[in-house]
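Below, subunit A partners subunit B and then partners subunit C, in two separate complexes.
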Partner chain A sequence: MSNKFTRRGVLKTGAGAGAGLALPTIFTGNVWAAAHSGYTNAPQGSSVTLGFNVPQTGPYADEGADELRAFQLAVEHLNGEGDGGMISTFSSKTLQGNGIMGKKVEFVTGDTQTKSDAARASAKSMIEKDGAIMISGGSSSGVAVAVQGLCQEAGVIFMAGLTHSNDTTGKDKKANGFRHFFNAYMSGAALAPVLEKLYGKDRAAYHLTADYTWGWTQQESIQAATEAIGWKTINNVLTPLAQTDFSSYIAPVLNSGADVLVLNHYGGNMVNSLTNAVQFGLREKQVNGKNFEIVVPLYSELMAKGAGKNIAGIVGSQNWDWKLEDEGTKAFVQSFGTKYGFPPSQAAQTCYAQTLLYADAVERAKSFNPCAVAEALEGYEFDGLGNGKTLYRAEDHQCFKDVLVVRGAENPQDEFHLVEIVEVTPVGQVTYAPDHPMFAGGALGSCNPGA
Partner chain B sequence: MLGLDKKDFTLLLVVAALVLLAPFILNPFPADSAMAQFNAGYPDLMQRFVIFGIFAIGFNILFGLTGYLSFGHAAFLGVGSYSAVWMFKLLSMNVIPAIILAVIVSGVFALVIGFVSLRRTGIYFSILTLAFAQMSFNLAYSVLTPITNGETGLQITLNDPRILGVSATAEGGIPVTNLFGLEMRGTEVLNIGPWAFQFNNGYYLCGVIMLIAFYISIRIFRSPFGLMLRAIKANKTRLNYTGLNTRPYALAAFVISGMYAGLAGGLLASMDPLAGAERMQWTASGEVVLMTILGGAGTLIGPVVGAGFIKYFENIFSKINESVLHGWFSFLPEGMENGVVWVTEHFVGPGWHLTLGLLFMLVVTFLPGGLVEGGQKLAGLFRRKSKSEAPDGAAQKHPAE
Partner chain C sequence: MDAIILQLLNGLDKGSAYALIALGLTLIFGTLGVVNFAHGALFMIGAFCAVTLSKLFNISYETVDPTRKDFLGNPLKIKEPYLEHWFGHDLGATLIDWAVPLAILFSIPIMIAVGFIMERGLIKHFYKRPHADQILVTFGLAIVLQELIKHYYGANPLPTPAPAALTGSFDFGALIGFDPNVVIYPYWRLVYFAFAAVVIGAVFAFLQFTTFGMVVRAGMADRETVGLLGINIDKRFTIMFGIAAAVAGMAGVMYAPINSPNYHMGMDFLVLSFVVVVVGGMGSLPGAVAAGFLLGILESFASMNEIKSLLPGIDQIIIYLVAIIILLTRPRGLMGRKGVMEE
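After this line comes the complex of A and B, so read on.
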C-alpha cells in the first residue's frame, strides 16, 4: 500500500504540507480591513463603496426592486448626476454633488432572499470582498435584525430599510444600526385616535397576526393602543408566514362576537387574508348593531395594488406617501418619476433618505469612521426629506417624525391613487420613552469601528 | 499511508493542498480589475465552500454509498446550528464545545428520525424524511420560538448568561467566537502587487475539519462497513434473503451522515453566530441533493466540487447587477448594448437560479456522473489510454440483477 512512497517523496510532501499548515499561523491579529486606518474598510483611492442588500427574489421582491431604484437614484444624486432630488431640499447643505467627501460613490447589490442566512452571507461578501463601508436595505424585520447584528460585529454602519418591528430599535437595537422607517408602536399610536373617531369607543377586535417578530410586536402595539381607547380584544390568532389561504382563519371570526378584524399581515399575506375576508362578506356584516370593519395597520401602495378593489375604505398607517405636499416629497417624486415613469413607494423613500442621511453624516463628521458617523447621526435633527421635521434619537437610533394614517380610496382615478391620506399624525403623539416596555430588554452597546 | 492506498492518499493530498492554498487559487484576478467580480477568495465564501463540502460529504455517505435519498438533511444542519448558538449563549464563546454539542445533538436527532424513516425505502423514505424536516422547520419557525427565536433567528446578545466568559466585552460589544483565544473572524491580508489575499482563522479551522471529515469518509468508503452499505444500495432484498439484517447498517449510515450535517451546522454557527429556521427548510435539503448530484453522487470528491459550484453561483452570480453588465458591454453600440444587457440580466443577479438550473440540466443530461465524470472525460482525452478504473476509484458500476 504505502510502500510505493519513497523517502524523498514523503519528506517533500511532508515539508510542503507542514509549511502550508504553518502558513495561517504566521499571521496574527484581527484585521477585517486594510489596516492603519483604525476602522473597517476605510475607503482607499478616489471612491467609496456602499452595499445595498435588498430582496430580489421571494415574497418581498417588489419592495426590494423599488428600494434598489431609490438607491441608484440616491447614488446618482450624490455623484452630481440627475436633478439632485432631495439634496436641494435637505436642511443640511453639506452635500455638493461631488460624492461623499469628494470620493465618488460606487455601490454593490445583493439578494437577501428575505432569509436571515442569505442576507447575512450577502452582506458579508459586500464587507469582506467589495469593501463596503455601509450596508443598507432590506424589507423584513427578521432580516434587518440579523444584518444589523452582523454590521455591529463587522464594524460597519447599517442603515435599515423597510423594517417596522419594534425590536429593530428595541430589544435588538445595535450601536452601528440606524432606522429611518417608523415602527409598530407608532402605527398603533397614530391609528388609535382615528379609529376611535371613525368606529367609536365600544368595539371588539379580532387579530390575525403573521407569526414572526414583526407580527408579534405590531399586534402587541395595536392591542395596547386600541384597548386604551376602550376597545376589547376578543382573540389573537397567529398565522404562518407561508400561509396563502386564510379561509380557515376567517371563518371563526364570523361567530366570535368581534366587530373589527385587525390584519397584522404584510405583502402577499395581507393581500390574501384581506381578499378572503371580503369574500366571506365580512364588510357587509352587522355585528352588535354596528358595521363590521377591517383594519390593516401597516399599509403600502404595492399591497393596495395587489388587493385591488377590496382595499377601498380600509384604514391603515404609512411612513410616507408620494402624494404629500412638502418640497422634499415633490423633488423626490419628480426625479424618481422622471427616471422610472411611476411614483416611488414608501420603501423607496426610506432607502433614499437613509442614503442621503449617511452621506451627510460622513460629511459632517469629516470621516468615514463608523463611530464618528454614528455620533453625527445621534440626536440629529433634520428636515426636507419628505417627512417634515425629523429627529434621529440618540438613545435607540430611531427616527421620530409624523406618521400618516391612510385609507384605501373608494374611487381611485388610476393605479397610483389607490391610497388617500386621512390624517398626518404629529410626531408628538407617536413619541415614546426609550425605556418603554415594548422596547425594553436590549442595549445599544458601544459603537464598533471594526479593525 | 494513514491506512489509505496510494490513489486515495494522493487525492487527500490534492484536496489538502487545494484547501490550504484556496485564498490564492480563488483570487486569480487583481483587486482593481473588472474581473475581480469573479474572485471568490474572501473569508465568508471560502468558509461556505468547505462547510457545505462537509455537509455534502456526509450526505454522500447516505445517498451515494447507501442509496437512500434523504430529502430532510437540512434539519440536522439546523439542529447543529441551534445547538452551537445555545452553547455560545450559555457556556463559552470557544467553538470546540459548540461543535461537539452540535454533532452529538444532531446525531441523536438523526437516530430518532432514522429509526422511523428507515422502515421504508425508496420514495417513501424520501417523503418521510421530508416530512420530518418540514416538521422541524415549522417547530423552529413558529412553535418553539423561545428556543429558536422564530423567523428572526437565534443570535447572541449582550445579556447572555455565559458561564465561562463574559456577557459583554470591556468595550461593551458582544464577544466573538474563538478557538482558545484565536478569533474566528480574524483575517490577515497579504498584499502582493494588485492582489489582496485574505487568510482567515475561521476558514483554516473549517478547512482542517473538512480534511478530517474527508479522510473519515474515504475510510468509510474503503471499509467492510462501506462495502456493506454498497451492498444495500446494490440490492437490499437479496441481502435480506441471505439472512442479513440491513437496518442497523442503514441506520448507522444515516446517523453518521446526520452527524456530518450537524458538524456543518455547528461550523456555520461558529463562523457566524446566528441560526435561522430557513436553514432547515426543504429548499436547503434540496440544495444538498443538487450539490451531490451535480458533483457526482457516490464519488469521493464529487460532493465537495458540487458544493463549491452551487455556493459560487449563489454568492458571485447573484451579485452581478445591471450596472455591472452595462460596464462590461459598454464597448457595444448603445442599442445593441441595451439588448445584450437585457438578455444577460435574466441569467445573473436575481436570475442566478436560472443559470444554475440550465447548468444542472446540462450536467444531468450529458454527464450523469456529475462534474467528476466531466473531469474524467477531459482527463481521458489527454491520456489516451484510460485506465479501467476511474481515477478516484469510485463510481464503480454494479451489475443489474
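After this line comes the complex of A and C, so read on.
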C-alpha cells in the first residue's frame, strides 16, 4: 500500500487511528481541523506527501505501472532531480525544482485494483494514514468517480488519471476533482469529421458497448456525433464487462446490414472484440458496395500492443501521443525514455501533467489549502505540457485542449510506432457548453477543505 | 437461418474449449478425487507456452541503421530473428509463423512436468482432506501461478496469431447452399473445433482401448479393489494428472490465437468449466464433454439479439440458469454416477 514506512509515519498513523476512534466521522470535528491548520493534511515540517492511486494488480496493472513511472518522474523533477522534463517547457514558471512551496515532495502509492471499493479504500488509507494532501491516478472511470467522491468528502484535491467517461466531469463532477484527460464527447466530436472524410456520409453503424458508465457515455457520444454527419445506427448491443470471447456478439453483425462496427470497448475487452471481429473477416467484407470498417473511439498504446496486427488501419482517438512534435512532448519523451527505455503512454503523460499542474497551482495560490488550489486551477490557461494551449474550465473542472485522431499503423517500424497520428483536432471543435445534455444531472458543489 | 448456423458454430467452438477443460477436471476428479481449482491455471500456462515459443522464435540480434532514428533520436536498432539468420529468411519466417501449432509439441512435456510437480509436490498431501480444503489450496495455487505469469509477462494481453495460412474466414454457407459470404467462419476456430474433437477422441480411446486405460477406469470405479490386486494405482493416477494437465495445456495453446493470452484467462474459464463438470455429472467424462458443448451452444444462442430482446440479460445468466434447472431435475447432472461426492 505504501512505500514509506518510518517511525514518524507509524506514530502519525497511531495518532490518526486514535483520533479516528474518538470521532464519529474521521473527516469532521474540531480536533481534526485544529491539528491540520484548517484543512485536511496540511503539511507539517519540510515535506509534503502526494498519494498516487493506480492499478498495481488486475487487468490494467501495466497501464498503472506506466502511470507510476510518470508520477515518480514528476516527483523527481519537482524536487530538482533529473533533467526537469516539462517543467522547462511549462508556460507557468513557478516551479523551480525545490519541491512545492519549498517542501520536498514525497509520495505514497495505493492499488486501485480497478475496483471502486478497493480504490476508495486505498485512497482513504493514503489520506488518513499517510497524510496525502492530493490523490491522483487511476485507469477507469468507475474508479475515478468513486475516488473523486471520497476526496470531496475528505477535503483533498483529486487530480484524475485516465478517465474518459463524460460523467467524471458531468453528472458526477465534484469541486475538489479535476480532469486533464479528454472525454467521450470529445472523442466523438474529433472522430466524426475524420470518419466522414475517410468513409463518407452514407454509413450504417453497429455498436458493441461495454455495459458500464464509460461504455454508455462513449456510445452515446459517438452515436450522436456520427448521426450528425448522416450515419445511421443499426443497433447498439451491450456486452458484459467480464466477456472474453465476443464471437457470439460479432456474428450478428455479419448480416445486419451495417457497414461499420463501432467497438465501445477498452482494455482487454477491446483487444478481444477487435481480434474476434478481424477473425470473422470484417476487414475484408464488402457491404452496401462499401468496404466494411471498424472504429475504436478510445485508443491506448497498450491496447494496440495487445491487439497486434489487428489494429492496422483502425481509426480511434487519443488524448496525447509521444510522437507529437511540440517542445513539451519532446522534453517529456526524452526524460521518460532515457529513464525507462521506452516512450511514455498517454496515461503516463496525463498523470505527469496533473502532478505538475497541482504543484503549480499550490505555488500560485501560495497555499496547500485545497480550496485555494482549486481556485488557482479554475479557469487556468496554460501551455507547454504536450497538448498545446489548454484551459482548465472553471464550470466543470475539465481540461479543454486539442484531441488526436489516430490510426493503427500498417507497417510499424518497431513496437513503439503502432499508431500514427491522422489529425490533431483543434480544441474549438471539441468544446461544448457546460450545460450540455450529455453532462447534465450533477452539480460541482463547493470546495471542501476538510475542516 | 444464417444467424442460427453462425451461433451453432460459435457454440461448438466455445463448447470445444469448455469440454477440453472440463475433461481434464473430470479426469482428475474421477481418478484422484480432487476438486482442482488450479485447472484453469493449467489452461493459461498452456497458452503461455505458445507465447513463450513465439518469443523464443523471435529472439533477435541487432544491427544499427544509422539512416533511421529511434524515439530518442539515436540510430535505430534493427532486429532480425536468429531463426531467419540461421535457416534463411523463408524457412525462418515460416517457423515463426507456425509457432502456435509447433507449441503443442513444446507444451506437452512442459505441461506433464507441471502436472507431475503439482500433484507430487502439493495436491497429494490433500487427498484425504475434505473437498473444501482441496478447493482452497488449489484456488490459492491458481492465484500464485497467475501472479507468477503476470510478473514475467505483464498484465497486458499478448498477441499470438495463428499461421497466416489459417487466418481469414471460410465461406461455410457456400457449402450448404447460402449466398457467398453470408455464413463465414474463421479458419482457426474451425481448426480449434477439429483439434478438440481429436483430443477428446484420443483421451476416450486411450482409456477405452489400452491396458493402462482399463486399469485407470477400474481404479476410478473401485480404487480399493484394484489396489488389492497388487496394482500401483496411485502411480497411474499421477500419470493421469499429467495427462489432464497436458490436455488443458494443449487447449490453451490452441486458444492463444483466438484471444490474446493474459494472466487472467484461466480464471475466466474456471468457473464456467466447473459448472460444465457439475452439469455433466461429477466424475463422468462423457457428461463433461456433452455438457461442454451443450452450454457452449446455449450461451451462443442466448447472445442473439432476438433472444436478448425477449429476455434482456439472458446472455449473462444462461449457463447458471441451465445448471439450476438440470440440477433440480437431475441432481447428479446429466450423466453423473450414484455415490460420487454424495458421502
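Everything that follows uses one rule, which is that the second predicted complex is superposed on the first by the 417 of 451 C-alpha atoms of A that agree within 3 Å, B and C clash if a C-alpha of one lies under 4 Å from a C-alpha of the other, contacts with A are read in each partner's own complex, and residues count from 1 in each chain.
The rule is short, and it goes like this: contacts are C-beta pairs under 8 Å (C-beta built on N, C-alpha and C of every residue); 3 or more make two chains touch, one makes a residue touch a chain.
A quick note: this is a predicted structure, and the numbers were derived from the prediction, not measured.
> Regarding the shared-chain residue A:240, is it in contact with subunit B (first), subunit C (second), both, or neither?
So A:240 meets both subunit B and subunit C here.
> Touching A:337, do we find subunit B (first), subunit C (second), both, or neither?
Only subunit C is touched by A:337; subunit B is not.
> After the superposition on A, what does A:61 contact: first (subunit B), second (subunit C), both or neither?
A:61 contacts both subunit B and subunit C.
> First (subunit B), second (subunit C), both or neither: which does A:149 touch?
first
> Under the stated touch criterion, which partner chain does A:424 make contact with: subunit B (first), subunit C (second), both, or neither?
Touch status of A:424: no partner.
> Of the partners subunit B and subunit C, which touch A:109 in the superposed model: first, second, both, neither?
first
> Count the residues of subunit A touched by subunit B and by subunit C, then name the partner with the higher count.
Counted on subunit A, the partner with more touching residues turns out to be B.
> In the overlaid three-chain picture, which partner chain does A:306 touch, first (subunit B) or second (subunit C), both, or neither?
Touch status of A:306: second partner only.
> Would you sort A:445 into first (subunit B), second (subunit C), both or neither based on which partner it touches?
Once the two structures are laid over each other on A, A:445 reaches subunit B alone.
> Based on the A-chain superposition described above, do subunit B and subunit C contact any of the same residues on subunit A, and if so which?
Subunit A residues touching both partners: 61, 240.
> Show which residues of subunit A lie in contact with subunit B when the two form their complex.
Interface residues on subunit A, with respect to subunit B: 1-2, 4-5, 10, 13, 16-17, 20-21, 23-24, 27-32, 34-35, 56-57, 61, 72, 108-111, 115-118, 120-122, 124-125, 128-129, 141-142, 145-146, 149-150, 152-154, 167, 172, 175, 211-213, 238, 240-241, 442-443, 445-446, 448.
> Going by the contact rule at the top, pick out the subunit B residues touching subunit A in the complex.
Within the complex, subunit B touches subunit A at residues 1, 4-6, 9, 13, 16-17, 20-21, 39, 42-45, 48, 138, 141-142, 150-153, 155, 157-159, 168, 171-174, 176, 183, 185-190, 198-199, 201, 204, 208, 272, 274, 276, 278-279, 314-315, 318-319, 321, 323, 349-350, 353.
> In their complex, what parts of subunit C are in touch with subunit A?
Within the complex, subunit C contacts subunit A at residues 2-3, 6-7, 10, 13-14, 68, 70-72, 76, 150, 154-159, 161, 167-169, 181-182, 184-186, 188-189, 258-260, 262, 264-265, 268, 299-300, 303-305, 308, 315-316.
> Could you list, by residue number, the parts of subunit A that touch subunit C in their complex?
58-62, 235, 237, 240, 242, 244-245, 247-249, 251-252, 254-255, 268, 271-272, 275-276, 279-281, 284-285, 302, 305-310, 322, 333-334, 337-338, 342-343, 413-414, 416
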